[in-house]
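Each structure below is given as structure tokens.
Across the two complexes that follow, subunit A remains constant while its partner is subunit B and subsequently subunit C.
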Partner chain A sequence: MPNIYKKKTWLPLFLIPAFAFMAVFLYYPFFMNILNSFQSIRTLGVPSGAWNDPWYTNYVNILHDPEIWTSLKNTGLMIIVTLIFQVGIALVLALIVDNVKHGTGFFRTVYFFPIVISATALGLLFNLIVLYDKGMLNQMLEALGKTTLTDWKDESHALATMMIPVAWQYVGFYFVIIETGLNSISSELYESAMIDGASRWQRVRYISLPLIHNVLVTCSILGVTGALKVFDLPWTMFPKGMPVKTTFLTGTYMYYQTMEVKNVDYGSAIAVMIVILGIVLSQVAGVIFREKDY
Partner chain B sequence: MKRIWNLALSALLAGTLAACGTGTAEPADNSADGSSTTADTTESVSLNVTTTFAGEDGNAQNFKNSVAAWESKTGNKVVDTSATSDENFKTRIITDFETGSEPDVLFFFNGADANDFVKAGKVVSIDEIRKSYPEYASNMDDGRISASPADGVKYAVPVNGYWEAMFVNKEVLDAAGVTMPDENTTWEEFLDDCEKIKKAGYAPIAAALGNIPHYWWEYGIFNHQTPENHLEIPGAADDTIGKEWVAGLEDVKQLYELGYFPDNTLSATDDETFAMFTDGKAAFLLDGSWKVGGIVANCQSNPEDPSTLDTEKLDHFDVTYFPAQNARKTTDLIGGLSMGYYITKKAWDDPAKRDAAVSFVEYMTSDEVVPLFAQHTATALNNAPKVDETQFNSLQVKAIAMMSKVSSFTGAVQDSFSGECRTSTFDGMPELVTGKKDIAAAVQEGIDAYKAMQD
Partner chain C sequence: MKPERRDSDPKGLYIILILWALTTIYPIIWVIMNSFKAKDKILSNSFALPTGDLFTLANYRKAFSNLSIFSAYRNSLVISGTVALVVVVIAGMAAYALCRYEFPGKKLLETLVVAGMMFPVFATIIPVYRMETGWGITNTESWPLTMLSIILPSIAGNLSFAIIVLRRYIQTLPVELEEAAYLEGCSTLQIFFKIIVPLCKPSFVTVAVFSFLWSYNDLFTQMFFLRRPEMIGITRLLNELTSQEGTNYGLMASAVTLVIIPVIIVYIFLQKYIIKGMTAGAVKG
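Up next, the complex of A and B:
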């Protein structure tokens, strides 16, 4: 009886559906998007009127658009927040949970739970928490003696109010990845270190951290590229860059230009910019957080 | 055995793909005269309907009741995707049309907001429908049905008119020692009242300028114009009409700088500032006739049960004219019949849905149903039934009293200055009032977008 696993004649046939799906729903729209960014399209779903004059108009406009710079600055901040707070807190929590004897599964579920809640629902939840009159936060401050209400969505608080829930939401995601990495470290290494008199901190510093280095690199690259795509929760809490267009991220600004302003070709140009930015940043992150072979 | 499993898996995969291929619905029989009926029209039809009768809209419950009555009468079903009337709703509708996922029937604006789908031929005109259904909207005065600005053809069958005016929380006025504004209140007196209210520790005006600046935009401009020229679109920010627009927006900026809007006006939603008004933390609310129902619902322990109305609480609310300046009279109101029921081409060309769509609109615009929705607003009915005020609550009665002294109704110019044109002054309102963007430049930006759309 011939071994069908050695016969690869029909193998490409089984790859065609997935390839066709990717071609139709990813690569075709992607290349059309690049094309659209050079054309004049006033409304969604309508064919372009003509090529822009000059054809690179949108890319020149990007350079002179103050909201683009606001969104780039905010996205950069989001990347830093992601790395420090999402990956950082996830690492600390994973190390702590890795050192507790009981309840690992419980903590894993608790920390992962925000991931399974829709970002829109989380946005609404945090909207209620930071509500001016009188959300949970202002009520708590009032109970502590504060006499005036704080607008947590005003210009001075908006970015923090937007980024804290985003950071909080994904801590569990990175926690689970890092936890899995820690679990894969052989307990014999820790036992040997203990026999040699290594303290708990020394075990973490010289065994855990080096051995999950590659996991942390993966988390960091995921964090950097993920921060570029954040959309739903910020848009739910701060639609249209509210207040005074100070909270735009690259993703929310692209959506705003396309769906609200109906400047579809400009939105396409911003999308191209996001893709380029994503490629560049993931390469940079790959160089900075280089993986190591052990 | 492995071969059998592989064959079975291949067959399953092929079957799945084939099922995907054959899952597409059979196209409707779109014969030239549209008269072909290949489907059995006696079968229950599911109709996709979108309206603005939702959320705080006073007719949200009336709509639900009327839909239930029509469903019970015809055996058809309505998939209701109604939503609060705001820019997001308009964007959603226009995008739905552009992407081919429009509803079968929609209650939407009859001004420039509908231009895109009217120009694309995606809705059916009343005259076209009357060729097959001669009785369609025959109970309406055609002269009062607005034509589309896109092609001058009438598409939308109106139900109830609207007016925009200033709601007042009298409890706040009493606490601040301010008398109720009326038809003689001037702009200067209004500013004095706002100052007293602010000093008493309340927000004079409930408005979310970062979310719904529409009413202040409209009346701010109207206050520098007259009903005769309010609907004109400026040719430039520095021509006569353009300067009036700039002056109107400067007034809104002045109110912001004086601190008459809530502290969080740039970051709040309309729902938040409305809650401030109903909770007695703000005195004035500039809004539309649809807000009457929202205020009444707020005074009910169960918003869906009118019998739970706290009449004493409702008596604290009143409605009056927006204080005037320049040539506009205080009693000149923004209002009219700006919305109506459209039947989409998609439903019209679907033999299974055409009858149901026509039946639904005929029911919702019948002599029996329209008065339920109209209440204290105008209708286009030929034989409007006499209003029985004893059936109305105190706020509705006050609205009717206000209507009795109205000197003119003028449409909203923003209905002709659609989406993209308004971006710089609607979405940009927070930048204008905080001085981060020049008002004249923002107006000019909108005019440029308007001209580009006309080309």
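Up next, the complex of A and C:
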């Protein structure tokens, strides 16, 4: 380091604002939340009362709460949908864009665009699309000759109706990441493969895919952790786990317990569970989709 | 651009690309179209263009008279604007210090920054709410205090990401410029504001835009801190609309349109920064 940074007069001024903010609004509450999950809190915003008896009551309740299992199951499904549809569709689209000559910028702009729109607005928009009597989807099917209306929000369709928009919204995000990775592959590789007579599919299979392996690993880990944070769109389309508490995700169930049931300390415990789940799953994802060096 | 990596330009592939593009564009066009139609026309004939008898402005009149759209916009702009500004300034200073200075405890601070990205908002919101209730700034009649109650945690939520992105950028700047300025008699504080900030403008814009959009779209935090009708932000307004006017589809279509149009306009002009900002955390530099 050059000597101008030897004198540290201003160093505290640079560091203190940011770290004070994070200490007060991230680190401290994070540990308080773990503590709270062992205490009894009946009203949001009121200091915690006594310790639960036994102190781990909430965690025993988590194990016996059928809605927890519903939300875990749905969140698991959300992760699979994220990996297969979000990352999968994004990969296919990115490979195609990489193989055509025109419109790269246009497709990038258009595919990314749903991400900047609030998930709440998209939730409302999809509510209108899947309306029973009759939204865009049912009108479309009617035009194709279907005579009965489908209730896209009933128990047998609810999960798909909730997860498809979430997956759809973020395809563009992974598209941009994968496309950036593909762009960084040297053109010389493709050139010499073409001289050797490699077909388009062979070039994709033996050059593009292996060289973006690590990018796909990043996407998969982001997908897994991202699926745990989903809240806005499901809560807008299916508030309170509608219908009959079948559509809860871990995030929406945490909110439901905290704000609707007013079992605040139980909400804290669910939040702790979400954190643990996030750590475990990103480790597992890191092992399954291991990065490679070339 | 790079014609040599593609021997031909197969037309069939464009069909797939255009089909997906339609799934992202058409729903938006559809909702804008239908915001100009009466409720019953949406349900019977949603694909027609709103021309002639179909066209009406009634939904918008209702939206402006019944919903507090303007105050929700103002609230959202105040919240997100302040968050973006404060995040850029203090994350920039921290990133600069972590980049250029050597000091004991630096490793620990760096770990704390990365750890900050791992804390989901679910795991901090309840204690934050209680802490702020203790300070007397939640659920009050005072507009500035209510704004403050949501601005503070939103700033903290964006800092980790901002520091990481800015730090990566400051690292690429040649330190000679700073040394020259130092010899001219600038203090490091002056160096930060007169050299680092101007040179890093693009990445500062990226971080500002990201923080702005993140808090503009964040429903979860707004559900906790913005409860009084006159204080809600734009996403909370939309969410309330579902429960209160759930069957007035024309009004919903016009409200969705009113909320997304400004975002679309901003996106068209700033897309370069937005796309970079939203994906910057993911792609290793």
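Assorted remarks:
In this text, the second predicted complex is superposed on the first by the 282 of 294 C-alpha atoms of A that agree within 3 Å, B and C clash if a C-alpha of one lies under 4 Å from a C-alpha of the other, contacts with A are read in each partner's own complex, and residues count from 1 in each chain.
Simple rule for what comes next: a residue touches a chain if its C-beta (ideal position, glycine included) is under 8 Å from a C-beta of that chain, and two chains touch if they have at least 3 such contacts.
It should be emphasised that the depicted structure is a prediction, and the values quoted were computed from it without experimental measurement.
With subunit A as the common reference for superposition, the partners subunit B and subunit C occupy clashing space.
After overlaying the two complexes on the shared chain, residue contacts for A:Asp133 are found with subunit B and with subunit C alike. When the two structures are aligned on the shared chain, A:Met259 is found in touch with subunit B and with subunit C.
When both complexes are overlaid on chain A, the residue A:Val244 reaches subunit B alone and has no touch with subunit C. In the superposition on chain A, A:Leu149 makes contact with subunit B only, while subunit C stays out of contact range. In the superposed model, A:Phe173 makes contact with subunit C only, not with subunit B. Using the contact criterion defined above for the overlaid structures, shared-chain residue A:Val230 touches neither subunit B nor subunit C, since it reaches no partner. Counting the residues of subunit A that each partner touches, subunit B and subunit C differ, and the larger count belongs to C.
When the two complexes are overlaid on their common chain A, residue A:Pro17 makes contact with subunit B and with subunit C alike. In the overlay built on the shared chain, the residue A:Thr218 is in contact with subunit C alone; subunit B does not reach it.
By the touch criterion defined above, A:Ala285 lies against neither subunit B nor subunit C after alignment on the C-alpha atoms of chain A. Only one of the stretches 43-51, 79-87, 97-105 or 187-195 in subunit C has C-alpha atoms clashing with subunit B after the fit on chain A, and that stretch is 187-195. The contact surfaces that subunit B and subunit C form on subunit A in the two complexes overlap at residues 4, 14, 17, 44-46, 131, 133, 239, 259. Contact residues on subunit C toward subunit A in their complex (touch as defined above): 1-7, 9-10, 13-14, 16-17, 20-21, 23-25, 27-28, 30-31, 34, 42-44, 46-47, 90-91, 93-94, 96-98, 100-103, 109, 112-113, 115-116, 118-131, 133-134, 138-139, 152-153, 155-157, 159-160, 163, 175, 178-179, 182, 187-189, 192, 213, 216-220, 223-224, 234-235, 238-239, 241-243, 249, 252-253, 255-256, 259-260, 263-264, 266-267, 271, 274-275, 278-279, 282-284.
Partner subunit B is touched in their complex by these residues of subunit A: 4, 14, 17, 42-46, 131-133, 149, 151, 153-155, 158, 239-240, 242-245, 259-263. On the side of subunit A, the complex with subunit C involves touching residues 1-2, 4-5, 7-11, 13-15, 17-19, 21-22, 24-30, 32-33, 36, 41, 44-48, 89, 92-93, 96-97, 99-104, 106-121, 123-129, 131, 133-136, 139, 168, 171-173, 176-177, 180-181, 187, 190-191, 194, 200, 215, 218-219, 222, 228-229, 231-232, 235-236, 239, 251, 254-255, 258-259, 264, 267-268, 270-272, 274-275, 278-279.
Listing the residues of subunit B that touch subunit A in their complex gives 2-3, 6, 13, 17, 87-88, 91, 94-95, 97-100, 116, 210-211, 262-264, 266-268, 272, 275-276, 279, 281, 419-420, 423, 427, 430-431, 434, 436, 452-453.
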